[in-house]
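What follows is a set of structures to go through.
In the two complexes below, chain A is the common chain; its partner is chain B in one and chain C in the other.
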Partner chain A sequence: MSEVELTRERVEDALFRAGYWLLFAVIMLPIVVVFVTSFQRGEYLTFPPQEFSLRWYAQFFASAEWLSAVRDSIVIGVGASVLSTALGVTGSLAVQRSDSTLARVLPPVILLPLLLPPVVIGLTLLIYFNRVGFGNTYLTIVVAHTLWATPLVFFVMQSVFARFDWDLRDAGMDLGARPSRVFYHVVLPNVRSGVVISAVVAFIVSLQEFIMALFLKSYEVQTVPVLAWTSLQSSLTPLVSVVSAFLVAVSVLGVLVSAALMNIEWLAEQL
Partner chain B sequence: MASVTLSDLRKEYGDLTAVDGLSLDVDDGELLCLLGPSGCGKSTTLRMLGGLETPTDGDVHIGGDAVTDQPPYERNTSMVFQSWALFPHKSVLENVAFGLKMDGVGEDERHERAREMLDVVEMSGFADHDPTDLSGGQKQRVALARSLAIEPDVLLLDEPLSNLDKRLREQMQLELRNIHDEVETTFVHVTHDQNEAFTLADRIGIMNDGQIEQVGAPREVYDDPVSLFIEEFLGDTNLVDATVTETTETGVVADTALGTEAAIPTGDAAVAAGDELTVSFRPEELDVERADGGASDGGASITGEITDVLYRGSSVRFYVESAGEHVFFEQSVGADTDFAVGDTVAVSWDPDDLLAFAADGDRVGGGGS
Partner chain C sequence: MAELSFAWLGERIKRQDAGSVFLIAPLAAFELVFFVVPFLILVRMSLNANADPGFYQPAWTLEAYRAVLASGLYRDLVVFSFELGVVATVIAVSLALFYAYAAYRATGLRKSLLLFSIILPLLTTLVVKTYAWRPLLSPNGVLNDLLVGVGLLGSPVQFAPGMVGTVIGQVYIVFPYAVLSIYSVLSTMDWDTVEAARDLGASRPRSFLEVVVPEALPGIAVATVVSFAWSVGAYAAPSQLGSGAQTTFAMEIESLMLTQFDYPTGAAFSLLMLAAMLVVSLGVMRLLTGSIGGVEGV
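Up next, the complex of A and B:
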């Protein structure tokens, strides 16, 4: 390789890196703005803030309306996480090592809700639940979020199961364990971290989802993003930045937990 | 302990037929080896025996009971997998005790029995180890102990020794034989290694293309192969084309590609002049001596020049050219006659040791020697 080519390659490499970091910075910048403005003192959102205080954090924790929205978000997030993990894990398990028609048809069908605009799903579910007279807001939003989170769990588990040694399952059955006991004693211990990661992802998806939650909310039950939206309509206070900062923090925490779990499994494999 | 009967077993995957109408009887307490090249359907057959695959057609009987539609967890068979498939999240002891746990045996008793099994396979010092820490040979022993712990009617072994190195494999073959004698369970052992089959088996079933070609005691199969496939698969031999020139009272005379006519005792098999045969000259049946330029004594010998010498560790293989064809014979290293490239030798044989096969691969004659 000539020297000119080598230099050219280096320049291209540097440009690519610079472009990559620039893009990353542009994406991250709004999050930084949100964090910084959440610590401001003034009544109106300004960037950069003139003075800093924890005033809006104090106000957040004093607000019954916000705290009940947090509780609603957690209840719905946990519900959607449990339901979609159960559906996604068992669904993925069902199509493993199978060449039946069902195994070919199921993955695209499961993917479908992700491809539909949430507005459509939200509206459809609103009409549907009104028709059948089903009025529990918690359950309706859990169902809506499960529709969205299940495909994610399903495809995470597809890749987890792809690395699973299916001889272990055969060995378990061969030694007298029925399928349910094979799942509990043999399969689950070997894919546990994948299941936990799926559940965390599903929880975060539910926590962040806004459009379907907006359609399906009621006077008593509304999630944090929905309340943020309605309070934004009346005034643009730094309280919304506080709420956004919490949402980002929870997501980052979830990612860290997942990463730690994966590392633990990786570590265990190395030992 | 139980006998096994497979009747007309078939397994199809889409357009692919893995097992094609296989019937086989395994006696109670017998060690039967299913031997065949990869892709011949031997592992699929074993998995159908264990219930891990459902036959497309045909029946499986174990101990006289029809188990064709029974799932693996209801059959009292147990398999030792090629990958050993030890549960990585359980200790060695828990692995061995797993089957008993699934049977509802209490913890104290199942751990005691698991320890006994580990004793049998000489792994008692490793009860608390993680299976991931063990060497291949140790994993193999633990897998064997785990399968034997549930006292299966039939133990199924799916090439469990193929991932071991040669020395360890030969040692384990002998140990497997001893363990078989000790536990008196019916073993069905799948392998593609003919030496392993000959070492282990009471009887060998040789498979090709999803079917059993021949079943018999190792000696019987070796001495009296029913087809060209088996003759080629069981060991290196010299296969020479020949054309039948005349039929005699005891067999035929054929013009071989070695440039000599050979009498072949095919008995009263239906062979006519002009038929094409493949004749096997087994290297261990050939007598070789230095030729002093004299013509061959007619019939059962050829004279030729040594063209290649191959050292193969404990033996040396010599290639002799005659009429453009090569035949080989072998000598142990250190045998008193020592041939070199360029030497002229006379190779002779006893016509009774020749095996002839028809164009479709079936043995011509046979059943006598």
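Up next, the complex of A and C:
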């Protein structure tokens, strides 16, 4: 290889590396802003802050409104996580083992809510729940979030089940165990980490979602992102950074748990 | 007769791995009750006549559609939404192709870091992703300080609220999804093909364009459709980072539904937008993959 070519390769390499590290920095920037500004002292969000304090944290823990939003978010997140994991795991298992028409039609249908603008799903469900006269805000938001989280659970479980050796299950059946026992003792231990990851992802998706939650909120029940959104409409307060820092921390924790259970590369391919 | 059909049904169920019918039923029922039926009700609602604010008149009329199509204001909103969709998609998908390739080529800790930077924003609320840009892009923000300090700008520019802020915010929202769509396809690619092209004398940019890009095309198609669908329907980025000139159809729907309580118009407007988005997405898919085959495996 000539000297000129070698130099050119080196320049290309340097540009390539500089390019993706720059993008990396830009991607992380808003998250850094959130954490840093949550410790600022001033009334109005500024980055970088002039002075630091914990006053916004104190204010957060003293606010009944925020704490009740936290409770609402957790209730809805757990509900959506349990429901979408149950539906997604059973549905995925069925589709894996069956070639009926329903099993072929279902996957594209459950994927659709992910491709529609959330505003449209929010409005569709708002009209629907009004029409049928169903007014429990917790349940309506759980349903909305389950529509989003179920396809994620479903497709993660599809690839988990695809790697499972079904002969093991057949062996269990041949030995005379009931299907439910085979599922519990043979299938579940092999796919457990996939189920846990699905449940964690579903919880996080529900915790962070805000457009559908905005459409379906009521005076009594509103999630953390919705309250953050409405308080941002009046002023750019650092209190939102405190709340956001918690939301980001939960995500980081979720990613780390998932990464510990399975390698992060696999997770990236599933999502 | 009834006995016979029951026996037939029983046989069918047995043949189809008995359990799977009961396993699939809950999910199928859920999608039917909370997705398919609500959607039909949305269509029905769009055919009602609109009355005083907060009420609608049961009817079978295309009045709401006519009102939407005739409105110059709505036309402007739709045009802007599609413009934003195209601009954000082109930027997001180009950057995502580069980033996904970098993640594909990286190894060890570097690979983990790059993938982590994609998954983390994916799992962060839209609220955080948009408002955190405000202190960075405002006239007295970090970016302006930097550009003025370096001498690239004479005086501060208002990036946000404005079009630049809206585009940056929207690209930031869809970028991780675009990267993952492309990455999941690239990760199955055999690096030897690229090596072979290089051994045959192709330069690195050329081997990227002629070997890597065609290989990643199904992923690029999915990334394009997803980014486009979400950017046309953008809500959070334009309302947090835009000025009044950056009003999208999603923001108008929100106001129709939650402030004006005009359900028939909101429903008709949404359905018209969905139809337009579907046509454009199918067109893009066909353009990029030659068929509409590659949609599966998102």
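Methods note: the second predicted complex is superposed on the first by the 246 of 271 C-alpha atoms of A that agree within 3 Å, B and C clash if a C-alpha of one lies under 4 Å from a C-alpha of the other, contacts with A are read in each partner's own complex, and residues count from 1 in each chain.
Heads up, the rule we're going with is that a residue touches a chain if its C-beta (ideal position, glycine included) is under 8 Å from a C-beta of that chain, and two chains touch if they have at least 3 such contacts.
Because the structure is predicted, anything quoted here is derived from the model rather than measured.
Q: Please name the chain, chain B or chain C, that touches the greater number of residues in chain A.
A: For chain A, the partner with the higher number of touched residues is C.
Q: Mind working out whether A:Asn190 is in touch with chain B, chain C, both or neither, as first, second, both or neither?
A: Touch status of A:Asn190: first partner only.
Q: Is A:Arg97 contacted by the first partner chain B, the second partner chain C, both or neither?
A: In the superposition, A:Arg97 contacts chain C only.
Q: Between chain B and chain C, whom does A:Arg178 touch in the aligned arrangement: first, second, both, or neither?
A: A:Arg178 contacts chain B only, not chain C.
Q: Just checking: does A:Leu168 make contact with chain B only, chain C only, both, or neither of them? Give me first, second, both or neither.
A: first
Q: Which parts of chain A are in contact with chain B and also with chain C?
A: Chain A residues touching both partners: 99.
Q: Chain C touches which residues of chain A in the complex?
A: 9, 12, 16, 19-20, 23-24, 27-31, 33-34, 37, 45-48, 86-88, 90-91, 93-95, 97-100, 102-103, 106-120, 122-128, 131, 143, 146-147, 150, 154-155, 179, 201, 204-205, 207-211, 214-215, 225, 228-229, 232, 236, 240, 244, 247-248, 251-252, 254-255, 259, 264-265, 267-269, 271
Q: Chain A touches which residues of chain B in the complex?
A: That would be residues 14, 50-52, 71-73, 77-79, 81, 83, 85-89, 98-99, 102-103, 146-147, 150 of chain B.
Q: What residues on chain A touch chain B, complex-wise?
A: 99, 165, 167-168, 170-178, 181, 185-186, 189-190
Q: Which chain C residues qualify as touching chain A in the complex?
A: 16-17, 19-21, 23-24, 26-28, 30-31, 34-39, 41-42, 45, 95, 98-99, 102-103, 111-129, 131-136, 141-142, 172, 175, 180, 183-184, 187, 204-205, 225-226, 229-230, 232-233, 235-236, 240, 250, 253-254, 257-258, 263, 266-267, 270, 273-274, 296, 298
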